[in-house]
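Presented sequentially are two complexes of chain A, the first with chain B as partner and the second with chain C.
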Partner chain A sequence: MKSRKMLAFWCIVLGIIVFSTVFSGNLAPYEPNDMNLDEVYLSPGDGHLLGTDHLGRDVFSRLLGGGKVTLTVATVSVLLSLVLGVLYGGFSGYVGGIVDTALMRLLEVFITIPSLIIILSFQAFMQGGMWSMALIIGVTGWLSTARIVRSEFIRLKEAEFVQMAKMFGTPIWKIIISHLLKNSVPAIFVVTLFNFANAIFIEVSLSFLGIGVPPAIPSWGNMLYYAQNDILIGAWWIGLYPGILIFITILAINFIGEALKDPERRRFSA
Partner chain B sequence: MLKVNQLSIEINGKRIVDGSSFFVPRGRITSIIGESGSGKSMTISALLNILPAGSKAAGQAFFDNKDLLAISNKEMSAIRGSQIFTVFQDALNSFNPSVKMGKQLYEFSGRRIRHSVAEFHLKMDDILNDLGLSKAIMEQYPFELSGGMLQRCMIACALYVRPRLLIADEPTSALDTLLQKEFIELLKGLNEKQGTTILLITHDLDIVAEVADKMVIMHKGKVVEVGNVAEVFERPKNAYTKRLLESRF
Partner chain C sequence: MTVKWIGKRMMMGVVVLLVVSFLSFFIMHAAPGDPATAFYGGNAQTLNAAEKERISRVFSLDRPITAQYGSWLVETLKGNLGISYKEGRPVITILRERLPNTLLLFGVTMFFIIVGSVWLGTIAGMKAGSILDKGLSILSIATSSIPAFWLGILFISFFAVKLGVLPSSGTGEIGGEGGFWDKLRYLILPATVIIFTHVGIFARFLQENIKDESRKYYVTVARANGVTEREIRKGILHNASFPYLNYIGMTIPSFFGGSIIVESLFSWNGLGQLTIKSVVTKDFPLLMGSILLIGMLVVISLFIIDFLMYSLNPKLRKGGVQ
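For the complex of A and B:
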């Protein structure tokens, strides 16, 4: 029961963040890139809820607009890695045997290469923007999904109801979709949530290093990047709020994933 | 109906079933009885061509003059589709946990004999009613039903398909005594009303005494005795059969 309430609480928190960033166009009091050089470094208070930055841009509006960019990059990359992971893992697990062994060894080779380094070099060479970043995070992030899908498929394909369906002549595609994939959804969902948190973290890290989202587009990561200098002159609010928001978002996703991981929620365990 | 001749099964070079022969007469209930690991279930797997990987079956099994061990996969699926129906030990694991019963029952019955969904609902509702199941289960998931209800659902499919041979692999092991009795009555009814030939795998002598006409006793992968139930109970020939009969309560 306690974990249920926790789950509900963190879902609401994440829901508010997602909702307010998606509708940032309507909710934000200013345009995220509107400059006003008469009002630079205003501390949080009247007019500017969370203050302004070195160009007089409203921090609150930038926070909402930046969240939209960060969450979009994370979502797109996660969907991409989900598709890649399900295809690779599903194929490997379903076919089994030597193919499975070969594919898994290959996957282990990929896992040994830290993905941040690949993404870093890709972004540096390609001078990439927002979409190329989503692409590269997605292409490097499917490994854990593939592993989970593979193990679920191996577990399920031996299950009696799958054997039975096979015996009764159920078509292969139907077995894969409605027997194997459908029963792997809980596990896939959880690993995808953790991937999502990870994708946010990667976007933030890259933008913070200055090679992620281009400076013209606000994101939580590049807000932190520009806030570095401002902290030296005491403008703490420019860096603090994006930091808190990143922290809460990743925390919320992790708590939700942790609650859903609970094996009691599984319908089928063999 | 089904004539098994010198069936041997090897798994990874180890002999599980050794030269077993028996005969299942049409329209009767034949029971294979034996302790766990005696090769009963493996025999069935071999007949249905669902042996685990790495195993080999030799010998013959004639089902209407067709050798089940030699026919092509296509022919096999045709036979498994409409002529042989199998009920397994654990009904809960026989159903996909994330699909509603109605859809699955259709997969197991109506679709196999190419009936439309509307036809299926028309016919299945009556069958479920006869078995004391409400129509509401069609909208439920397998884990919302009890083991006994699920086993009855399986029988409902058998009633629908009207197979010529019903193979039940320890169908009552997961049920309590009352439900066991009920289930056995259902099998009997199926045999009497539709004339379905039944091959019942069990380790419960009481069930054999109750329903079966013929029995096949297996021990350590070998068929040790075959005969009419009444005769075997009266005058067991094999030493193992004698011990088995003495062990009854």
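For the complex of A and C:
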């Protein structure tokens, strides 16, 4: 009971963050890129809820607008890696045999390479907009999904209802979609949730290093990138709030994932 | 048996490195823009077509990709990683300067993470249901959700700007003799950030394993037969250590990835910072070199962990004996 309350609480937290960033255009008091050089480095207070940055831009509005960018990049990349992972893992698990062994060996090789390294080398020449960013994160993030889908497929393939369906001559695509895939949805959902947190982490980290989303677009990572200098002169609010928001978002996702993972595990091990 | 096993693992490592080299080479090759222009730098507009062609020929850029990859690989195996575009020095020299710093940071953080997580995880795991047990579960999720670099920013603003007790960035005093204690002072902040964001999740993994292990049948039987609590604990710990070691192995790639960001935040003179710098300045030979070296470090650390597991776990050592 207690864990269900926790789950509901974190879902609401995440919901509020997503809602306010999606409708940032209506909720934010200023345009995220509105500069006002008369009001630089204002501390949090009236007029500007969370203060202003080195160009007099409202930190609160930038937080909402930046969240939209960060969460969009994360969502798109996670959807992409979901599709790739389901295709690769599903194929490997369903076909089995030598193909499965070979594909899994290849996957092991990919897992060994730090994904940040691959992303960095792509970024070296693809420093485009936020879409290329989403593309790169998605292309490098499907490995864990593929693993989960494969093991689910292998487990389900031997299940009685699948064997039965095969015996009745159900078309293969129907078995794959409505039996195998449908029954692996809970596991896929959990791994996708963790991928989502990871995607946010990567976007934020890269933008923070100045090699992610272009500086003109506000994102949580970009805000922290500029905050590095502002903190040295004592403008702590510019760096504090984006970080807290990132922290809470990832925390919410992780807690939701944990809460959903636990009953799963109990069911499978029983 | 052992020789065969080591050979197999080595093969796997070689394949990984080949894929890494493939990736780094072809990604660099696919980069838009003319390498000749990049080489020439700021005044590239003044180049005419013939000069561009001459530069291309000098650097063998007009040969087919596979031939380029082949000769690049041969040179790399000989230890020649080319010359950095920006610094004009051999890449291998630059890498050699940076490697000790990265190894120092990696070694120190890994040591404290393992010691800390084994200590916390064991205490929490052995007392299932206690406050520590529940506390660690929540705390580990919380600490692992903090972006490491943001924590770093907070640390800098507190310890370096406000209190002024620790240096905010760098690897040693400029102009100082660079003694051990000097370096240690610079190591504290980056290492603390990495340890703090990792130790919880490692401890939690061990804790869950110990809890799973304690519920198993053999523990009940041992207890019923009057085996001392100490012996039982030893057995549980021994059995729980394999998945833990495996977990460390699995997280090592992302661990290296994470330290890249922390390194560049604190301007720690290591490989990670070098990688970021070479991405920003589009210094491709340097980038390829550092990617290869990081790949090698990952492969070596995985090999060490595999070897540890192999020597500790008789099940693995005896192979497929059922």
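Note that the second predicted complex is superposed on the first by the 262 of 270 C-alpha atoms of A that agree within 3 Å, B and C clash if a C-alpha of one lies under 4 Å from a C-alpha of the other, contacts with A are read in each partner's own complex, and residues count from 1 in each chain.
Quick note on the criterion: contacts are C-beta pairs under 8 Å (C-beta built on N, C-alpha and C of every residue); 3 or more make two chains touch, one makes a residue touch a chain.
The model shown is predicted, which means the values in this text are computed figures rather than measured ones.
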Query = So, on chain A, is it clash or fit between chain B and chain C?
reply = fit
Request  = In the overlay, answer first, second, both or neither for which of chain B and chain C A:120 touches.
outcome  = second
Inquiry  = For A:183, using the defined touch cut-off, is the partner it touches chain B, chain C, both, or neither? Pick first, second, both or neither.
reply    = first
Request  = Identify the partner contact of A:163: answer first if only chain B is touched, second if only chain C is, both if each is, neither if none is.
outcome  = first
Query = A:210 contacts which: chain B (first), chain C (second), both, neither?
reply = second
Message = After the superposition on chain A, what is the angle at the C-alpha centre of chain A formed with the C-alpha centres of chain B and chain C, rounded to the nearest 10 degrees?
response = 100
Request  = Report the partner of chain A that touches more of its residues: chain B or chain C.
outcome  = C
Query = Once the shared chain is lined up, is A:243 touching chain B (first), chain C (second), both, or neither of them?
reply = second
Message = Output check: A:109 vs chain B and chain C. Expected answer is one of first, second, both, neither. What do you get?
response = second
Inquiry  = Just checking: does A:56 make contact with chain B only, chain C only, both, or neither of them? Give me first, second, both or neither.
reply    = neither
Ask   = Between chain B and chain C, what is the shortest CA distance in the superposition, whole Å?
value = 17
Key: Touching both chain B and chain C, residues of chain A   = none
Request  = Could you pull out which chain C residues touch chain A in their complex?
outcome  = 12, 15-16, 19-20, 23-24, 27-28, 30-33, 141-142, 144-147, 149-150, 153-154, 156-157, 161, 168, 250, 253-254, 256-258, 260-261, 264-265, 275-276, 278-280, 282, 284, 287, 291, 294-295, 298-299, 302
Remark   = In their shared complex, chain C is touched by residues of chain A numbered 108-118, 120-125, 197, 201, 204-205, 208-211, 224, 227-228, 231-232, 234, 236, 239-240, 242-243, 246-247, 250-251, 254-255, 258
Task = Would you pull the chain B residues touching chain A in the complex into a rising list?
result = 48, 50, 77, 80-81, 86, 88, 90, 93-99, 107-108, 112, 141, 143
Request  = Would you pull the chain A residues touching chain B in the complex into a rising list?
outcome  = 159-170, 178-179, 182-183, 185, 267-268, 270
